[in-house]
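These notes are about the structure you will find just below.
We just call them A, B, C and D in the order they show up, numbering each chain from 1.
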Amino acid sequence: MTSKIKLGILGGGGDSLIGVLHRVASSMFDRYELIGGVFNPELAESKKFAKEVGLRTDRIYKDVDSLIDAEKKLPEEERMQVISVLTPNFLHFPMAKQLLENGFNVICEKPLTTTYEEAKILEKSLQQSNTIFAVTYTYTGYPMVRQMREMITAGEIGKIQKVDVQYYQGWINSVIHDKAKRSTVWRLDPKRAGISSCVGDIGTHAFNMIEFVSGLEVKEILADLNYLYKDNKLDIDGTILLRFSDYVKGIIRSSQIATGEENNLTVSIYGEKGGLKWEQENPNCLYLLEDGHPIRVLKPGHIYNSKLSLDGTKLPPGHPEGIFDSMGNIYKGVAKAIKKEDYNPAEFPTIRDGVRGMDFIEKTVESHKNGNVWVKLDQ
Amino acid sequence: MTSKIKLGILGGGGDSLIGVLHRVASSMFDRYELIGGVFNPELAESKKFAKEVGLRTDRIYKDVDSLIDAEKKLPEEERMQVISVLTPNFLHFPMAKQLLENGFNVICEKPLTTTYEEAKILEKSLQQSNTIFAVTYTYTGYPMVRQMREMITAGEIGKIQKVDVQYYQGWINSVIHDKAKRSTVWRLDPKRAGISSCVGDIGTHAFNMIEFVSGLEVKEILADLNYLYKDNKLDIDGTILLRFSDYVKGIIRSSQIATGEENNLTVSIYGEKGGLKWEQENPNCLYLLEDGHPIRVLKPGHIYNSKLSLDGTKLPPGHPEGIFDSMGNIYKGVAKAIKKEDYNPAEFPTIRDGVRGMDFIEKTVESHKNGNVWVKLDQ
Amino acid sequence: MTSKIKLGILGGGGDSLIGVLHRVASSMFDRYELIGGVFNPELAESKKFAKEVGLRTDRIYKDVDSLIDAEKKLPEEERMQVISVLTPNFLHFPMAKQLLENGFNVICEKPLTTTYEEAKILEKSLQQSNTIFAVTYTYTGYPMVRQMREMITAGEIGKIQKVDVQYYQGWINSVIHDKAKRSTVWRLDPKRAGISSCVGDIGTHAFNMIEFVSGLEVKEILADLNYLYKDNKLDIDGTILLRFSDYVKGIIRSSQIATGEENNLTVSIYGEKGGLKWEQENPNCLYLLEDGHPIRVLKPGHIYNSKLSLDGTKLPPGHPEGIFDSMGNIYKGVAKAIKKEDYNPAEFPTIRDGVRGMDFIEKTVESHKNGNVWVKLDQ
Amino acid sequence: MTSKIKLGILGGGGDSLIGVLHRVASSMFDRYELIGGVFNPELAESKKFAKEVGLRTDRIYKDVDSLIDAEKKLPEEERMQVISVLTPNFLHFPMAKQLLENGFNVICEKPLTTTYEEAKILEKSLQQSNTIFAVTYTYTGYPMVRQMREMITAGEIGKIQKVDVQYYQGWINSVIHDKAKRSTVWRLDPKRAGISSCVGDIGTHAFNMIEFVSGLEVKEILADLNYLYKDNKLDIDGTILLRFSDYVKGIIRSSQIATGEENNLTVSIYGEKGGLKWEQENPNCLYLLEDGHPIRVLKPGHIYNSKLSLDGTKLPPGHPEGIFDSMGNIYKGVAKAIKKEDYNPAEFPTIRDGVRGMDFIEKTVESHKNGNVWVKLDQ
């Protein structure tokens, strides 16, 4: 009856932020319906969480095997069509492999696996199946990142001659200098994080971004990593020289010890005809630089953008996409009020605000029409 | 079984942007479940739209009367608990009134009504009911707007001495100078838009924002509006002097003929101890100015923010709220692929991207460990 | 023998900042030679100051009468050709008048006089003389302000429909709330400052800027001033509605109680074809907004600028004009070293820095040519 | 009689921009008097230029030998005390050496010499003399660069752990792809520019900046340069990995093919307690980042700045140093008017502007005092 795609999720329960992100994202264009999944290794926890997010519990499973078994028995039109894998990194590989082998479409968080070897095996599984597989390098979904790619593809900056991507964070600074604190951080534990902290977590985003926007493939790299302390086993900072060809060179700079930086991902691509620059912390501006011309600042939603970019914009120009969140906060406040939970009166505007607004409009027109005189609002 | 609030919507069907905004917002914190409503004056259209957004059609109604009748017959735990009113402005009043009188909670788009008189009647209806009523002045939901309010309430900028709010758009410029085009714009038609275009649409947001963040009430106003042409009946630009007291003065500047401006809402509040500034087009920065101190830039999600602000942030610092939209775009691309619709390969990262990423990480560590030498990536 | 213009200065001695500004400005294009003047009411002080700034004292005068007498006796080619009047405001009128009547060209600080009456008398004096008279509304000298004017004159934004200028400072906040402190501020003393503090000092800059860039004349005004305290005699904040015609309206907002603001002068002019925006605290950017086009950011020195703008740029694009000051600071450090004054070694780069630089260049090329290997710098 | 330092200049005649920069800089704090020098290899040209900039020609010399001979014969108090060397790079070494050997203080443009070998010889000459020697790495003179250094020295960001400096320009893009054009650019000619274009010109600024602000010395480097074309002999882009110690690493990125970039020098230093960032194209802002605190934006002239920084600020906060240039432009316009040269009326404000300003002030107060009513300005 519904044309929505049936979605299952592995992981992402409890306080998981990535869980929130995937659930909201899946609802954005009215195209998915979350059916169930395995939110937690403990079935009871998983069911509890399902209730919290308003799901029925009949398709909450003990583990991925049970999920596959049960779903495959359902008629095709009722079966989960796609499964999002949000579990810890080391589980991506076995879970995704099993899902592919059983014909499920997969949306997998990055990094794809914990080793290159596993990744190649997974790629083969996919080739033998007939499914869709997406890795959520989220930043490629921004309208102005898509616009950057389309402009480069269309030759608007000419042949590329220089590529520079930065991804700086500072959060590890607060733990790295204290050995006790450091040992509590899973990203610094080779058993859980694999062979890299900084490059594995964010350098890889930078790498993906470069190949996405430039359309070029990196051929060779030369890396210089920093571990700061000898007994720290994984890199927390890395600069990587890139070679695309004899002609085109590039740089990735990534860091988790750029103290005070939040999530400072910047992309600069320079071609023979122009340069394009984008910053994740100001994602609605794309800068086009050209010799002898004013800088151009492109923003989402305008007709001068490409189809690919416009497809990812839901609101008119000037409404930052974050306005969804702003409205979401107001809905949240109303929910608290309806549920008689504790809430701050500032969480949503009330009828009083609406009444004041109407008084304001009428008195404004009255003041003007009477020759720009003072008029009192009702109090 | 579910703890979600059952939500009905009036209006917001078809291409309505405000409809998208409310649906997504309601899904953001897993607290609402959209059940049905009246999306369109034509029942068939309404049902068609319901299917498109993945709803069952059994609670899609012909009109608000039918909705009220049918829903009231349902057991309380199944009944729609809150109705969002997204219809054209002149319908807000009769619909909201009827809903209140029948005990429904209401979320109503702004402006609340078309006249101050209606607004006051509605306020009385609410007082006689026992329901929650919210008006969606969306901008008050931004984390840094909430932070601004809380800092002012806490006295961080001292006693307020000056208030300045701007809301500039330019979209009417492209139609106002051509009488034929102008006549097609409903905001310029007194029958549909009421007594004001600019002040009624955006000046009222500015007014609400001032009272929200400052905690002050405007006492008196003096307005100067611009209509540009004699045969244009509604204001398209307005400056309004505000008086809060003998001591505190303020200004609202609003315009729809600030050519090229998108949605330039800015708020500046100055007190005896400091000033606070915020801009809607850069909503994650709140600027605190103080005599003899560096400017401070506050951003969402940090522990230095108030509870009210933090409650509206779902992700760690540095992730602009728009990242939800970015992820949403990726999910949309995957949906197209699954549904075998036409799509651009750039709409989501594939396993190939994931494989490349793993190769990159391993080769990076290899290059570093071998003494910063060039290493080839697999091609 | 020299083609430089002989310049005299009245006022601007001691710690006067305006004195520094005029002396440096006069030297910038090698067109003036400072000869002497009256720097201080006390002749001895005046001479002392002359020596400090490296002038001979033979053309330092007791007062403006002596200056006029003596200079007029000199052969025309030796005589001061232009006199800059930097004295307290109430002296502008009598001094400028006398200078005009004696055939001197005059550069006068703003405000021109203390009353409109005086200003009109001075204008008449000028009409009867054959001299050049400039009022130093400094902001009109910025290359991008000039560019704004030229673009508007050339019709690039079409017929103007809205004008908005802001000039916000916060410095008076630190004295206004304390009656004792307040009484020490000459700008708040009607005897010394005239009838206005805020509008007289900075509102007038905003007014001049509007007429300069727009080419329009203000016809009518409606003002709302703030004095905060009843026993404060002069305005410290003022909003002024402007009428240029039935069609074009505008606003000036000026304040000295916008706490924490430094010198926040912004200019926005909107026309039927586009908008132009400029901010004094970021003076090298001029923003051009147009319906349906990317924002354009114009910067000084580029060929796309007008002749008037380019004439005021001395360096290639990307060198902010402040680089003169940076170089000036280095020269100052060297002067201290030569004079064996106390100085910080960081005040100028030494030969050691130059030597390190050469080592760096050579080792860089060596590292690259040897295949991107590590090379040690000499220590 | 005067306390000014007597200054001679070698080079910098004709259209030389660097000549303008040094002349203006020397005048900024009233501490230098330009006496003469050798502006041009042709004596006649040199004298012509001297006249143009308002100098007497009696101390304009044929060459550096004549200058040294003649000046040494003068009594010490009349002799040039310091000589600025602004000639082409290959002349820096012989000229500076000769000047040092004859006891003159020297201000030398960068790069110091054309080889490291020469630089070390010069350093020895200096050690044997008793003179002051400055190399004009101009960017170290900015107030906020000096502040950055002082804060780092004072330990405000803790032990440094990461250093990142970028210097991107795009100007060579417009010539590099065309062999004929390329051959006309002296920076690309090994005979005139030495062994490097990009690193020699701007990489060296980045290098100096790092050592200046961080107080650290670079120990080892690994470089990757780009020449784009095989028949292009000098680098036009270079990334350089830096090692300060086992703990501290850094990067210099420099380019002349970052198309559309003007002069984009940025400095980021991260320590265990915080990070500091500065951008040359926005030189009045210094950003301090700390874990869990709002970003702080420091600006020149405030009391929170260090003595070294304040010493380089001549005006109150909010007046960008470029205001000197703005005033300079107005003086230039007045000079044209006095000399009866062709000029644009917009080049300086006239008495009419001053008169309008006075009318505006008086009418503003009148409007307010009469109850915020419209008042006409005189036309």
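Heads up, the rule we're going with is that contacts are C-beta pairs under 8 Å (C-beta built on N, C-alpha and C of every residue); 3 or more make two chains touch, one makes a residue touch a chain.
Everything quoted here is computed from the prediction, not taken from an experiment.
Colleague: Just to confirm, which listed pair, B-D, C-D or A-D, duplicates the contacts seen in A-C for more than half of them?
Modeller: Of the listed pairs B-D, C-D or A-D, the one copying the A-C interface is B-D.
Colleague: Name the chain pair with more contacting C-beta pairs, choosing from A-B and B-C.
Modeller: If we tally the C-beta pairs in contact for A-B and B-C, the bigger total goes to A-B.
Colleague: Once you find the CA centre of chain B and the CA centre of chain D, what distance in Å lies between them?
Modeller: 48
Colleague: Mind checking the centre-to-centre distance between chain B and chain C? Centres are C-alpha means, answer in whole Å.
Modeller: 43
Colleague: Calculate how many whole Å lie between the centre of chain A and the centre of chain B, each centre taken as the average of the chain's C-alpha atoms.
Modeller: Here chain A and chain B have centroids separated by 21 Å.
Colleague: What positions in chain C touch 2 or more of the other chains?
Modeller: 171, 222, 224, 241, 261, 288, 292-293, 295, 299, 372, 374
Colleague: Using the touch definition up top, name the residues of chain A that touch chain D in the complex.
Modeller: 157, 161-162, 164, 170-171, 173-174, 177, 222, 224, 226, 228, 237, 239, 241, 247, 249, 251, 253, 255, 257-261, 268, 270-275, 288-293, 295, 372, 374
Colleague: Inside the complex, what are the residues of chain A that reach chain C?
Modeller: Going by the criterion above, the answer is residues 222, 241, 288, 292-299, 302-304, 372.
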